[in-house]
Each structure stands twice: as C-alpha cells, then as structure tokens.
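Just dropping this structure here.
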Amino acid sequence: MRTTRLEAFSDAVLAIIITIMVLELHVPEGGEWADLTPLLPVLLSYILSFVYIGIYWNNHHHLLQTVERTSGGILWANLHLLFWLSLLPFATGWMGETHFVALPTALYGFVLLMAAIAYYLLERQIISSQGADSILAQAVGRDLKGRASPVAYALAIPLAFVWVWASVALYVAVAAMWLVPDRRIERVLR
Amino acid sequence: MRTTRLEAFSDAVLAIIITIMVLELHVPEGGEWADLTPLLPVLLSYILSFVYIGIYWNNHHHLLQTVERTSGGILWANLHLLFWLSLLPFATGWMGETHFVALPTALYGFVLLMAAIAYYLLERQIISSQGADSILAQAVGRDLKGRASPVAYALAIPLAFVWVWASVALYVAVAAMWLVPDRRIERVLR
Amino acid sequence: MRTTRLEAFSDAVLAIIITIMVLELHVPEGGEWADLTPLLPVLLSYILSFVYIGIYWNNHHHLLQTVERTSGGILWANLHLLFWLSLLPFATGWMGETHFVALPTALYGFVLLMAAIAYYLLERQIISSQGADSILAQAVGRDLKGRASPVAYALAIPLAFVWVWASVALYVAVAAMWLVPDRRIERVLR
Amino acid sequence: MRTTRLEAFSDAVLAIIITIMVLELHVPEGGEWADLTPLLPVLLSYILSFVYIGIYWNNHHHLLQTVERTSGGILWANLHLLFWLSLLPFATGWMGETHFVALPTALYGFVLLMAAIAYYLLERQIISSQGADSILAQAVGRDLKGRASPVAYALAIPLAFVWVWASVALYVAVAAMWLVPDRRIERVLR
C-alpha cells in the first residue's frame, strides 16, 4: 500500500480544517468599525491556529516522505492525529469568541498537547515499521523542538487558570519556534 | 478509465464528511465547564462516526487497489456508498444533540446499515467486472466481519426503542471489531 | 499545461458541493418522528441534486480524458461550469425548504439550464482547441441526451408556475435518462 | 521536496474557499421574488470573488509549474498567500450583506491588496530559490498587470469612503483586466 492516498486524504482534511476555522469569523450585521472590533480576538486565534495547521502540514509532509509503505498502524496513527487537529477549529472558535477566558484557553492547549502526542505516536509507528536502520529514527534523533512543545503545552494548561496571557504567550512562542529555525536549518543544510 | 479520479473524488468526499461533522460541536457562548458539558454527547457521537468514516476510508482504500479499470456501474455504486455516508453527519449530530434518544439512535443504525449494503453492492460490482478469476472475490471469501456488521446494525435499530444503550454498545462493538483484528491479520500476514 | 490540476481542482469543488448540500438538512431539536417529517422534502431535493452532481462528475471525468493540453479558454470554461454548479446547493436548499413552491423550483431549473449551457461551452472550447480531427467532436456527434436536457430544463422553468410537480417530474426524468442508458451503451461497447 | 503536495494542498484550500463563499447565500424562508432580491448584492459580490479566486488559482497554477523543488520559504510564502485568500469569504460576505457600504468595501480591497502582496512575495521566494538563470524572473519581467493590481486596490481602499461604487468599479476592472488579456497573450504565443 503506497502513501499517495494517505497523503491526499490528510491534505484534504488539513485543508478543510484550516479553511472552516474562518467560518467562526461570523459576518456582522452592521458595516461600522464597532461591528468589526469584537471579531479581533477571533481573528487573532484564527491566525494562531492557521500557523499551527501550517506547521503540522509542513512537518507531516516531511514525515511521510520517509515512508515507503503504509500499514494499518500508520493509517490509524495518522487518523488519530487528524482527529485531534479536527478539534482545533472548535477550540480556536471558543478561545476567540470568549475573548481568551481561562477554560477555553486551557482547552486549546489540551488539544495542542494531544495533537503533539498523536504526532509522536505516528512517528513511533513509522519508525517501528521501518526497522533497525530507520531513516526517520536518525532524523528525529535530536528532535529538541518535538520534545519541548508538549512540555510547553502541558505548562500552559494550568497556567491559563492563573494568568491567561502567559498561556497564550507560550502558544505563540512554540509556533514561532517552529516557524523560525526551520528556515535556518534548511539554509545550513544547503 | 483509471481509478485515480475515483479515488481522489472519494477521498475528498470522505475528508469533507469527517470534517464537517465537527461543525455540530457548536461553540458555546460562555466559557465555563457548565457550557462544555452539554456538548459531551455530541463529542462522543463525533468520535464514533470519526472512527466509522476512518474504517470506511481504510477499507475503500484496500477495495479500490484491486480495481484496474472502472466502469459506469462501479462509479455509481461508489457514489451510492458516498451518498449514505454523507448522511452520517446529520445522523451523528441528531443522535448527539438529542443525547442518545431512541429514534435518532435507530436512524444512526439505519444509515450505517444502508452504507454497509452499499459497500457490499460496490464489492459485487467490482467482482462482476473482474470476471471469474477475481482477486477481490478470493479476498472477501471469508469476510466474516463484512457479514456480521449489517446483522448487528439491523439488530440495533429495533433495540434502540427498547434499550437505547444496547444499540450504542452494538455500534461501538462493531467499530472496535473493525479496528482491532485488522492489525492482528496484518501481523499474521507479515 | 497538463490537466492534472484542472481535474484535481474540479474534483475538489464537486466533492465540496455534493457534501455541503447535506448541511441544509438542519439537525432538529426534538428526537421524534414529527421532527423528521418536515425534513423529507429537503432530503428528496438533496437526493435529486446528489444524482445531478454525480452525473456531472461522471461526464466531466469522461470529457477531460479527451483533453491532453489545457488552455486559458478551457480553464475559464471549466470555472464557468463550476460556478453554476456551486449555486446548486442554494437552489436545492431553497426548493426543499419551501416544499417545492413555484419560484424556487423554477430557479432550480434555471441553475440546471445554465450548468448545461456551461457544459456545452466547455465541450466547444475543448473541440476548438483540438482542431479538425477532434476525438471529442466525433464522440459527441450524436449527443441526443446533451441536447434534450437543456430543452427539458427550459420547459420546466415556466411549467413550475403552472404545475410545479410537472417540473419536478422533468428534473427526475432527465436525471434518470442520464443514469440508465449510460450503462447500456457501455455494455454495447464492450 | 517535490511540488505535488504543495499543489494538492493549495488546490484543496482554493476549492474550499471558492465553495464556502456560497454559504453566505443563506436560503430564505419564503419562496417569493421579494425573498430573493435582498440576496442580489450577496450574489454579485460572490461572482466577483469567484472570478478573483479563479484568477489566483489560474496564476498559481502557472507559477508553480516553474518550480521544481520547494523549500521552507516557498511553503510558508504559499501559506501566507492562502491565509489572505481565506479571509476573502468573510470580506465578500460582509460587503454583500451590508449592500456595499464603505468600510466592508474598503476591507475587501485591503484583503485583495494583502493577497497581491503575498503573491508577489511568493514569486520572489521562488525566483531567489531558482538563482541567477530563473525562468520565472524572465517570465514576470514585464509583469504590468502584477504591478497595476495592488496600485488599484490601494486606490480603492480610501476611495470606498468617498464614493463606494468607484471602488467596486476598480475591483471589477482589475478582475476584467486579468480575465481578458490572458487569452490574447496565449493566442499570440500560439
């Protein structure tokens, strides 16, 4: 079983997730600035989640390039990842529409944490199917970012009930960490 | 006519079905635990249907790998399957939002039953187009799961009006049956 | 410019159209038969449109297999077809939710008519780009169905204001005409 | 890293954007002409945005055909473009539902402007990754349309607060400019 349909299906699901999040930006009835301002937190949470789905798509893309044959285990580990990511539009909308209140912000971190764990499990499935000389095992050997992210999310969840903006700052920081150094590493490799 | 576009179209429809189901998780206005709890049955029915669509995608994937050329009959048998699966988001939302009341739970089983029949008809179309030495005919020869599932759904429909949780237990059991042994068989084959 | 992306994009748009139509089946609040019955006309119009989109996807599939290189003209003729088909969910929902009242039923026919014209224009674009020895020109030479359909739609539009069920019967008849004989011709060809 | 998944993902996102815009055409409760007329401005803004997404898809298609290998920079420049285009359904719905009031019409121009800038940045990323003998650099050397469009959008934004129909006329004119001459150039090239 080749990976073509696995990639196509994942691409389609991620494309739909990234796009239906924008449906939480409900078109206001009036046409004034005052109608737009309550949407600002929704827009900010949308931007954050757009970047996160972009990061996942990007990493997923790299991950599956190391896979030659899929197995039932890989298919289900992949669906498990897509499941948690499919809850991101809900968590994003709730966090944005309640204007970054404690519980929704903690739930956002919980969904990110579960997605990170699901991504890790997918990596493990692929490595175990590749056997001893796994390309992926070598590639993720020094995966500091992959280990730091779930720790940051796990910290952000209780933190949301103490000081919500510290949680949000952690989410932004993790996203920035994934965005920025990837380019640097690529340049080094070139 | 190759199967590429048939697969691409089915993947896209299944990806959309699996993702729009999450839109039934309406973002609540408040940001407290009390706002989240009424969503729990909706979430549970979403998880169940996510697994079912995952199973269908997985099996559909295997099924079409035995097909080399499509025909009008295969195209329409496939669309017939997608039609019943496209009603799953409605049935899922209704069952979840009414908190597992009798009729919606029976309807959920009816949609699953019709999808199972549609899947069987698609299998028949492919086998008849492959002729006497059909690969698929051999592969599904001892398809116990494929025969047990519609029986379970047919039982669950009247059962929903007697004791609704027995129906739900049957739906969960069938999904678990498809999830678990597939891996075992794969391991045996390896 | 190859047709791969043109097909992929059209497949995705048609898959989304066929699936978002089901969103017009709004989940009712109650869980009784009485909550389900007002949805019946919406379901019937959904089935009709599902079949129509299936027919268009099927024919589009065949049509593009005769194309080797796309041009700006083909791309835009294709988008023009997708535009009219994208209005079908609206027309379907309106016809279904108003329980087959005159104007919405006429509008449904208008959208079908415009889609049929757009399909014809796409055919013309492909034929003119293929030049004198066009494969498509030969294939559609005796295209009786392609000519009868727009005539039927054009009849159904005014008829909706006289006797609405005659219009609906025409829509069903045209869909049936496309569904049934295709298989017969295929069998003859084999 | 090949461009296949980049194209597939972009196609899916653009297909979803172009299709969910139609969801702003809310199905009216009544079935009379009077129920349809308030939807006319929504339909007009939908047509305009449909054409714009069509143009972007068309140009994106051409753009990526010059790319052989993607990089992190190209992936993120592409996601940046998709982000701004994903805001178009919101801007379209707001402009249409407020019947072309000043602020929503200006916001529509702002989203178009940011998308044009994002497209330009994507072009730059591709050119810089291709090095000195870039095919794309030669192709866009005399890209008058690509330079005129953002200027027109930048003009249309303040103009919306003075005379809103002048802004709308500018949006229509830019779309027409992209639609019409492309065919002429193609014919010349042939």
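A, B, C and D are the chain letters, set down in written order, and residue numbers restart from 1 in every chain.
Criterion: a contact is a pair of C-beta atoms (placed from the backbone, for glycine too) under 8 Å apart; a residue touches a chain by one contact, two chains touch by 3 or more.
Computed from a predicted structure; not experimentally measured.
Visitor: Looking at subunit A with subunit D, do both copies bring the same residues to the contact (over half shared) or different ones?
Guide: different
Visitor: Degrees of rotation, nearest 5, to put the Cα trace of subunit A on subunit B?
Guide: 90
Visitor: I'd like the Å distance between the centres of subunit C and subunit D, where a centre is the mean of that chain's Cα atoms.
Guide: About 26 Å, centre to centre.
Visitor: Based only on mean CA positions, could you tell me how far subunit A sits from subunit C in angstrom?
Guide: 37
Visitor: Hey, what residues on subunit C touch two or more of the other chains?
Guide: 8, 12, 16, 20, 23
Visitor: If we count contacts the way the header does, which residues on subunit C are in touch with subunit B in the complex?
Guide: Residues of subunit C touching subunit B: 7-8, 11-12, 14-16, 18-20, 22-23, 25, 27-33, 36, 47, 50, 54, 57-58, 61-62, 65, 179, 182-183, 186.
Visitor: Give every residue of subunit C touching subunit D within the complex, in rising order.
Guide: Residues 1, 5, 8-9, 12-13, 16-17, 20, 23-24, 71-73, 75-76, 79, 82-83, 86-87, 89-90, 93-94, 97-98, 101-104, 107.
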